[in-house]
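Dropping the structures in below, format is structure tokens.
What follows is subunit A paired twice: with subunit B in the first complex and subunit C in the second.
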Partner chain A sequence: MNQKIYFGELKATKGEIHIIRDRCKGCGFCVEYCPKDVLALSDEFNIKGYHPPFVENEDNCVYCQLCENICPEFAIFVTKKEEEDVEKG
Partner chain B sequence: MSTQEKKDNISQEKENVEIPKKRKSKRIGIFVCHCGINIAGTVDVEKVAKTLSEHEGIIHAEDYVYMCSDPGQKKITDAIKEHNLDSVVVACCSPSLHESTFRNASKSAGLNPYQCEIANIREQCSWVHKDKDKATKKAIKIAKSIVEKVKRNESLEPISISVTKRALVIGGGISGIQAALDIANAGHEVILVERNPSIGGHMIQLSETFPTLDCSQCIMTPKMVEVSKHPNIKLMTYSEIQEISGYVGNFKAKILKKPRYVDPDKCTMCDECSKVCPVLVPNEFDENMTGRRAIYIPFPQAIPATYTLDINSCPGLMPIACGKCADVCEPNAIDFDMKPEIIEEEVGVIVAATGYDLYGLEKLGEYGAGKYPNVINGLQFERLLSASGPTKGQILRPSDHKVPKEVVFIQCAGSRDPELHNAYCSKICCMYTAKHAMLYKHHVPDGQAYIFYIDIRSGGKNYEEFVQRAIEQDDVLYLRGKVSKIFEENGTVKVWGVDTLTGKDIEIDADLVVLAVAMRPSKGADEIAKKLKIAQDKDGFLAEAHPKLRPVESITSGMFLAGAAQAPKDIPEAVAQASGAASKALAILSSDRLYHDPIVAKVDEETCSGCKICIPLCPYGARIYDEEKKIVVVNEVLCEGCGCCIAGCPSGAAQQRNFTDDQIYSMIDIIL
Partner chain C sequence: MNDEARQKNPIEHLLRMDRIPHIWCPGCGIGTVVTSFAEALRKSNIELDKIAVVSGIGCTGRVAGYIKLDSFHTTHGRAIPFATGLKLANPELKVVVFSGDGDIFGIGGNHFIHAARRNMDLTVICVNNFNYAMTGGQVAATTPTDANASTAPYGNFEQPFSIPYLADAAGASYVARWTALHLRRVTKSIQEGMDKNGFSLIEVITPCVTLYARRNRLGDGLNLLKYYYDKSEIKHGADTRDLDISYQGKLIVGKFIDRERPNFIDAMNQHMSTVLGDDYELYGRINND
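Up next is the complex of A and B:
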């Protein structure tokens, strides 16, 4: 349930996910371990013939950087978005 | 040895076997009470006494106008001494009224109190009959049957139980805090369990309290501090009751201590962790009107003073997931490896003060609640009024942070509505709505407050005066009637209602609507009731043992109720009940031993086949299978003497002390 927060100064931090598709070997760790279910494996192939992930729910990303740290191929990283007034559930 | 010799030997042996003597006949006295004309009006009491005096075993019989009076009791004690009586039957009112009176009187004359029995010739005879002859005959039969019972009564001693002199208080709101402080101040150790990260309950969320308008936090925080510093109170926050076993004086509690992932001893409350936490979720303390981080402190005066990591909103405990809070925590207070702990405590008494929750706004769709941001509940309005609230004490409406100029308050939202919601009155809404409207007018003097009400219930010290003050001094407009529809139009909330006093339809373009929603038992109440084996009423509130005479006790001995867990209550009532529960608890804690009625089940070891039929029948868990003897045994302390096992026992091995089959059959025989 998405609940709007009407008052207060606090804002959620958001991440922007960058995927270097051709480095990916399709291990799926990032998809499996993302605590916010942001990522999913795509049906497309990269240059090596693997299925790289794609960003399915970017709004859910809270910039925890787990995907960045778990990727064995250094194929994914996250940058911090400007803080914005966001609705969170 | 010849056959003849053998036979002789046997017959000689037979003669030598001691034949059990016939039961030593008892010396019984019977005392028949007139109870004014309550009994004597329908029953010829003198005839009862005279007939009984001729009954076998009766040594002494007399009647008197009020046996329960001091002279009446003296007649019993004198007769016991003079005639050397060893049993007493008093034919009078129900044993639930004066059994203990007469047993104590018998005891004072040197009799075992369980040799004194009551023949109920009032409730079960004189009050329900008109024909004096027939009623007298019946009274004689009742008295004779009890005489037959008494002839076979054993002398019994009360079962003695030791007492663990510690208390468990469940719930850290105002009621739980009050009960814990009262017990702790009397010198006993208290374990106070609260499921949330801080104690304080709903009272700490309130702005000002009716009818004096003291600041709620200002009167609540000193009590919270006292709890945290009290040498006799062991405070367990962020903990839940997992299991309760045992019985009065000797309960065993298993308490689940949820991991906080922050060491309270190391946390310095520097707030660096929450600054870097990326997560934003609704803050429960502000009734979801502000946000909080996954690592947070519910409010600045929280006790214990420590941050808590809410694992449900945290991205995860894996060190590579986020972990930003742990990186910045200088005292290294954050420990992702904390595990849930089960702590076992032994206590003698339990006070359940589990409090209330508000009826969900989403259930009040007819008022647009949960749909329109400017339709809020009473606790949300409290937060808006609070100086430490989301708006720092300014009244602003959620949608656009504008000062609302027309505010509609609706009472009985979800209460007194048996068809759709709750049938009961939530009791506090009339008063807090008057307070809300009054405080709103103090904040926004040029605004208008309307209150839709069914009745105004302001019974309480200075309560009616408070409501009158809202009407007369603060120009709050009370409209007697219900609201039929609420909808949003052009940025305002349109309220359609009716004023039943003038018969006019009312339409208000409101900026804000505040619903005085019903109080419900707190979310964990069902679970707690099951674990404690406390009954609940039809609405789910914890049930008291007697609505008038035992309002703070549960039916389970040693367990007490305090505050809104039992029924909707305001602060003074909750505090009073908490102190009442504490004093009841102290009566147990201050005794060295407790005594349990010995009228309990027993098992004839020879007859019991160990079929275990009785075990599921026992509501108190008092029947236990003995693996060694292969029979069922009775835990006499747990047994309440209900008799279920005795009725269920197929072999007659289960018997109730002083209610044996032999006794009951001899009672029936004499009646027939």
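Up next is the complex of A and C:
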């Protein structure tokens, strides 16, 4: 599909994910329900002994904030990447 | 890590961060509902000084302790009468009752019926996890038939309450049911409920991993969310008589009731002005700014 026809110069918003690792209890909700499969559970332990998630492929993140909303521990949130940051990579 | 420690979740100004991490188990959905509630507060431009949160006892009863608004943790089952008093003493307040199924429908069932009958202007968020989770997973008024619980080791044989049907029959103005997985719809329903001039009930079905799921061998929080994902069906305006929940059966969710009825204060003002005429001074200062 030629995206330019439909969206013109519009670009998908990009998000930057912040994980407060030591607050995580490893329930895995964010990993399972991220629609873009951005997150994955790490093998490392946090201070409580749970496996917190880590950002596997941040480029896929479209700032939908589902992980932020589903996290029962308030341990993950997303900030919007400004366009200049996106261009820089 | 230093960088992470400095960053703050945007809802942290609504939480008492000195009490976080909270006591809820890994895989429990109450935290998700709290996030949805905080989102609803952020989206609706209600002054935070004008909101009060009341909770009863139980896992969900802890919410009042974690939310950094005017909040009160009442005795078991008495969240709604306390909230009624709060609303009548200060009609400007938006009063939100945030409690569990055991608190609102088990111990405080009678209070719920009467608050809905009077159409008190309250928003009740009922987190339904199908048992009395804090005290060890006893059978509650909402435990589905055939489910195992610590006081029903051979399965529950009682007929559970259908919460939306009860609320509808008692006369609530707004009735919705969602699961913890319907994050944004919960947020929207809470916003609508807070805007509603009357009694609104939002039932949110959440996973109880440590007790309900463990005793019934249903796996962890992810398995229960998958069950909600597979078996929930959105039917707005469905007949509330068809909303029974059977054990691991279909979950019909949606907004079922949204009707206009005079709330308690309006009905009182109207009745008293008719009977007493000009001698009666209208109660409640909501529109007298």
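Methods note: the second predicted complex is superposed on the first by the 75 of 89 C-alpha atoms of A that agree within 3 Å, B and C clash if a C-alpha of one lies under 4 Å from a C-alpha of the other, contacts with A are read in each partner's own complex, and residues count from 1 in each chain.
Assume contacts are C-beta pairs under 8 Å (C-beta built on N, C-alpha and C of every residue); 3 or more make two chains touch, one makes a residue touch a chain.
All figures in this text were calculated on a predicted structure; none of them were measured in a lab.
Q: Taking the superposition as given, does A:Phe77 touch the first partner, subunit B, the second, subunit C, both, or neither?
A: second
Q: When the two structures are overlaid on chain A, which partner does A:Phe54 contact: first (subunit B), second (subunit C), both, or neither?
A: So A:Phe54 meets neither subunit B nor subunit C here.
Q: When the two structures are overlaid on chain A, which partner does A:Ile20 contact: first (subunit B), second (subunit C), both, or neither?
A: second
Q: Going by the contact rule set out at the top, does A:Ala12 touch subunit B (first), subunit C (second), both, or neither?
A: first
Q: Where does A:Gly28 make contact in the superposed view: on subunit B (first), on subunit C (second), on both, or on neither?
A: Second partner only, subunit C.
Q: Answer with first, second, both or neither: which of subunit B and subunit C does A:Tyr63 touch in the superposed model?
A: Only subunit B is touched by A:Tyr63; subunit C is not.
Q: Residues of subunit A that sit at the subunit B interface in one complex and at the subunit C interface in the other, please.
A: 33, 66, 69-70
Q: Mind listing the subunit B positions that touch subunit A in their complex?
A: Residue list for subunit B touching subunit A: 278-283, 286, 288-293, 315-316, 318, 320-322, 324, 373, 390-391, 396, 398-399, 401.
Q: Can you tell me which positions in subunit A touch subunit C when the two form their complex?
A: Residue list for subunit A touching subunit C: 18-21, 23, 25-29, 32-33, 50, 66, 68-77.
Q: Across the complex, what residues on subunit C touch subunit A?
A: 1, 4-5, 7, 9-12, 15, 20-22, 24-32, 34-36, 39, 181, 183-184, 187, 220-222, 225
Q: In the complex, go through subunit A and note every residue touching subunit B.
A: Going through subunit A, the ones touching subunit B are 3-8, 10-15, 33, 35-36, 62-66, 69-70, 86, 88-89.
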